[in-house]
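Here is the structure we will look at.
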Amino acid sequence: MQLNVLFFAQARERAGVSSAILTLPEGACVRDALDALVREHADLAPLRAHLAVAQDGVLVRAADALRDGAELALLPPVSGG
Amino acid sequence: MQLNVLFFAQARERAGVSSAILTLPEGACVRDALDALVREHADLAPLRAHLAVAQDGVLVRAADALRDGAELALLPPVSGG
Amino acid sequence: MATLSHEPLDAAAATAALQRRDCGAVLTFLGTTRDHHDGRHVTRLSYEAYEPMALRELEALERESCERFEIEACTVAHRLGEVPPAEPSVVVVVASHHRGPAFDACRWVMDELKKRVPIWKKETYAEGGEEWVSGTKLEG
Amino acid sequence: MATLSHEPLDAAAATAALQRRDCGAVLTFLGTTRDHHDGRHVTRLSYEAYEPMALRELEALERESCERFEIEACTVAHRLGEVPPAEPSVVVVVASHHRGPAFDACRWVMDELKKRVPIWKKETYAEGGEEWVSGTKLEG
């Protein structure tokens, strides 16, 4: 399956890109996506424990299933206001 | 002694005047002023228990002494804001 | 600086005056006139004050709010005379480093204003009649 | 109506939009950018958002605040991109019949906004260097 990954704030700066296409085997979950992203962008590793992940704009957990074609957003701790 | 009395809000409407000169014997206190004012303006009587009184802009109590030439203000319950 | 004004209050200017480079929060409270009160339709609202004393009390509220709360500035303006519906009769602006004290201070100023400041509100009703709004006896 | 904007926020217009004949209180909170943070001089502040999700969360805050508190309306606007010192990065306006719920709701919206909305703030320092302000992990 393919996912469109969006990187924000520190995640964007550490990955060096603001978006990327990620290809994963069928049945992959959020954890698998993070594993693959950290393998590809090693600088994301220190941030990983602090990241939230949204699939198509909805927060998901590590074990949640991914949907082919979804938009996956890596969201560092927020500091709006 | 002479006092310049100011009437506000309901007190002004009940007295029918916004100010008046009140003459009292030396040694008079706030209570004496109120007694005299209610005698002169009977419609003030129902309001009397609810009035606060300021002498030269400072709240005073019934037994407080009056100063010759002072400004005495009759202040109904306040409702600003 | 406290203000009593017979003209419309400029809440935007009062707010802008307290936007400071060292403050992270500016809170503006507008007490606006309502066209209903206790089920009656209000067609006219007007305010009267014992002006010199009211102004001193508003100034005291500004000063005391800065002493009681972690805020940097506070201004209070109250309108007098007739106030059309939806226009502000009172504007309180508080600036602070952090937002918590701004909320606390602004609320305190409004609570105190209603208890301490010699200002009176009169309502005129569509059904006829007018009434001084029941208020709080001043305590020395 | 919630707004995300790369242009300066117009707090006065947002406030005026919520002045209603049936409401006695309009409370406007401005979160303004500060030129100091933890003892460092901040020369530049900028905000980034996951815009579609942030906008939906701001809309949810408007809606939920009206459900949780006795208020009639709430609007939230957040600025993105660079925000010069003393200008608002966020504007929350609440209108209500009575002032108590306006204070409660406005404070709640700001507390929730800082926990729930995917927006990030970056500071650049006079001493050199820049930093994403440490924030709160989003919880599903």
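All chains are identified by letter, namely A, B, C and D, in their written order; residue positions are counted from 1 within each chain.
Keep this in mind: a contact is a pair of C-beta atoms (placed from the backbone, for glycine too) under 8 Å apart; a residue touches a chain by one contact, two chains touch by 3 or more.
In this text the structure is predicted, and so the values were computed from the model without any measurement.
Trainee: Determine the set of chains touching chain A that also touch chain D.
Mentor: none
Trainee: Please work out the Cα centroid separation of chain B and chain C, and write it as a whole number of Å.
Mentor: Chain centres of chain B and chain C, defined by C-alpha means, are spaced 26 Å apart.
Trainee: Just give me the whole-number Å value for how far the CA centre of chain A lies from that of chain B.
Mentor: 75
Trainee: How big is the gap, in whole Å, between where the Cα atoms of chain C centre and where those of chain D centre?
Mentor: 24
Trainee: List the centre-to-centre spacing of chain B and chain D in whole Å, with centres computed as mean CA coordinates.
Mentor: Result: the chain centres lie 50 Å from each other.
Trainee: Two or more other chains touching the same residue: where does that happen in chain B?
Mentor: Residue numbers touching two or more other chains: none in chain B.
Trainee: What parts of chain C, by residue number, touch at least two of the other chains?
Mentor: 31, 110
Trainee: Judged by the touch rule stated earlier, which pairs of chains are there in contact?
Mentor: A-D, B-C, C-D
Trainee: Would you tell me which residues of chain C are touching chain D in their complex?
Mentor: Listed in rising order, the residues are 11-12, 15, 19-36, 85-88, 97, 99-100, 102-103, 106-107, 110.
Trainee: So in the complex, which bits of chain D are touching chain A?
Mentor: Residue list for chain D touching chain A: 31, 47-50, 52-54, 56, 78, 89-90, 110, 113-122, 132-140.
Trainee: Where on chain B is chain C touching in the complex?
Mentor: Touch list, chain B to chain C: 6, 8-10, 12, 50-52, 54, 57, 59-61, 73, 75-81.
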